[in-house]
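First chain A sits with chain B, and in the next complex the same chain sits with chain C.
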Partner chain A sequence: PFKRYVEIGRVALVNYGKEYGRLVVIVDVIDQNRALVDAPDMVRCQMNFKRLSLTDITIDIKRVPKKKTLIAAMEAADVKNKWENSSWGRKLIVQKRRASLNDFDRFKLMLAKIKRGGLIRQELAKLKKQNAAC
Partner chain B sequence: MAPSQKTAKVCRNPDLICGVGKFSRSKMYHKRGLWAIKAKNGGVFPRHDKKPAEPAAAEKPPKFYPADDVKKPLPNKRKPKPTKLRASITPGTVLIILAGRFKGKRVVFLKQLTSGLLLVTGPFKINGVPLRRVNQSYVIASSTKVVISGLDVEKIDDRYFAKQAEKKKRKGEGEFFEADKQEKNVLPQEKKDDQRTVDAALIKSIEAVPDLKTYLAARFSLKAGMKPHELLF
Partner chain C sequence: MVTYKFHQYQVVGRALPSETDEHPKIYRMKLWATNEVRAKSKFWYFLRKLKKVKKSNGQMLAINEIFEKSPTKIKNYGIWLRYQSRTGYHNMYKEYRDTTLNGAVEQMYTEMASRHRVRHHCIQIIKTATIPAKLCKRESTKQFHNSKIKFPLVHRTVRPPTRKLKTTYKASRPNLFM
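What follows is the complex of A and B.
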């Protein structure tokens, strides 16, 4: 029934608080509710599990590694690329891009959507005509 | 009082403790150079006698003395500060007007006038907004900028927009309404020419950017799901 477990080396996404949206690695478990968590550009800190969303990615580390070892292990497991190619990661990237759109960008986006819709409708009309013919 | 060059205030007699200076009276006399002033003036301090006062112009006694004492209002020396322009608004910024008959129109900012209002133009050919003044508070500044170099808006200022003085016609009340209506609506040819010259240069730089012309022609509106506090302009 469960596929993603809390283990040392599990990569998680912070979903609440100051570090919202950051990818972190669980490097130790403190007690039933809290984990020690670390990331290459962050000071190692504790977080409640309720603030973490587990991902599918794990890396191979021992309990509480040094920062250098952690970074090396993340490179070895290629966490960044795995994350950016996963559907969850891609969704977040798109959300961020949409939030950063300018008013002019939103206008251009609207024009592009209309254009795409028009092309699709043209193709559909063609296919309908073919279908009706036979 | 506008001193052209301020010399730093030098303290000739620094305090040792509050009320006690470092130098004695005789030392201070020497430091201040009072001996040199005396020497220049032949051993005496220069005297500045009062000039014989000119007789004040004879005031006529007032025609009217009010029965009760009239209170004088307190003097008000307040000078309003010049309106601060938001850092996001620079010449060439596209602004979104939020109120008035042009609400929702996207418009190009030209300069801030001395009254604090913003001088803005459609351009007229693109969206029907003429050279117009707009208050900063009724405007959203987008981050889109139009290149505005080579545009001469020096001669347009607040007086350009002042109402033409009403001719005194108060006397004839019967024909009053008909005569006035015919004169009001004509826009002087000069203003139309000003609009054209300002817009000519602008339209060239606008057409250089793809889609910018249609962008300025369209009005802004909030659609479903748009949260203004989360939008980036």
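What follows is the complex of A and C.
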């Protein structure tokens, strides 16, 4: 019934607070509610599980590894690519891109949407005509 | 990263020198208080109970805050305390797992308040120590002494990422599966 476990090496996404949006690795469990959490570009800190969303990715590390071993393990497990190719990761990238559009980009997006809508409607009209004919 | 309410201070003081006693004994205490003023006051409170000296005939020599040496290492803290309940004084030994001693002490205060309704001014910390894993007495700390610890998060509460995005009504029921 459960697929994602809190374990040493589980990659999680921070979903609340100052570190929102960061991918971190659970490096040790403090107690029932908190974990010691680490990422290549931040100081190791403790976080409540309520602030973490577990992902499917795990890496192979021992309890509380040194920063170098952590980075090496993350490279070996290829966390970055796995995350960016996963559907969750891709959705986040798209969200970020959409939030960072400027007005000209939004204009271009509008034109592209209209164009795509027009093509779809053409195809639909063709299919309707075929259907109506037979 | 977390702001702790209780800070640990090292307070050093002695009685004022007099004709009978040119060099009075210097006493040092490590205590927990929310700020330095309270720490000094607590120092005199405890010293009065141990020696015949008051703040008026004593002098404070030093007060320094003690910071955690390794705040990224998880330790098991044992805290011995003496607290006043509604019927009398009791001693207690409690264990906590935390990264810093200040965090463990804060956990202790909040747990005493919740479990025994003891307010923080009725609690005296006798001793604190970092306990190696073999000597821990409580099952609730010993269950985390597992290098292959693994458990699922059973109930996922969906929270908006900032309090600004909080709404009273939502369009759909939440999905609680992790």
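Rule of thumb we're sticking to: the second predicted complex is superposed on the first by the 134 of 134 C-alpha atoms of A that agree within 3 Å, B and C clash if a C-alpha of one lies under 4 Å from a C-alpha of the other, contacts with A are read in each partner's own complex, and residues count from 1 in each chain.
The criterion applied here is as follows: contacts are C-beta pairs under 8 Å (C-beta built on N, C-alpha and C of every residue); 3 or more make two chains touch, one makes a residue touch a chain.
Only a predicted model underlies this, so the values are computations on that prediction, with no experimental measurement involved.
J.: Do chain B and chain C fit side by side on chain A after the overlay, or clash?
T.: fit
J.: According to the stated criteria, A:Ser87 is in contact with first (chain B), second (chain C), both, or neither; which is it?
T.: A:Ser87 sits against neither chain B nor chain C.
J.: Classify the contacts of A:Tyr5 with the two partner chains as first (chain B alone), second (chain C alone), both, or neither.
T.: A:Tyr5 contacts chain C only, not chain B.
J.: Quick one: name whichever of chain B and chain C touches more residues of chain A.
T.: C
J.: With chain A at the apex, figure out the C-alpha centre angle toward chain B and chain C and round it to a multiple of 10 degrees.
T.: 90
J.: Of the partners chain B and chain C, which touch A:Gln130 in the superposed model: first, second, both, neither?
T.: After superposing on A, A:Gln130 lies clear of both chain B and chain C.
J.: Report for A:Ser100: first if it touches chain B alone, second if chain C alone, otherwise both or neither.
T.: Once the two structures are laid over each other on A, A:Ser100 reaches chain B alone.
J.: With both complexes superposed on chain A, which partner does A:Leu111 reach: first (chain B), second (chain C), both or neither?
T.: The answer is first: A:Leu111 touches chain B but not chain C.
J.: Upon superposition of the two complexes, what minimum C-alpha distance (Å) separates chain B from chain C?
T.: 12
J.: If I apply the document's touch criterion, which positions on chain A are contacted by chain B in one structure and by chain C in the other?
T.: The overlap between the chain B and chain C interfaces on chain A is empty, containing no residue.
J.: Would you tell me which residues of chain B are touching chain A in their complex?
T.: Per the touch definition, chain B meets chain A at residues 94, 96, 106, 142-144, 211-212, 214-215, 218, 220, 230-233.
J.: Residue numbers of chain A touching chain B in their complex, please.
T.: 99-104, 107-108, 111
J.: Would you pull the chain A residues touching chain C in the complex into a rising list?
T.: Answer in residue numbers: 2, 4-8, 15-16, 20, 28-31, 36, 43-46, 49-50, 54, 62-64.
J.: If we count contacts the way the header does, which residues on chain C are in touch with chain A in the complex?
T.: Those residues of chain C that touch chain A are 1-2, 72-74, 96-99, 141, 144, 147-154, 157, 159, 161-162, 178.
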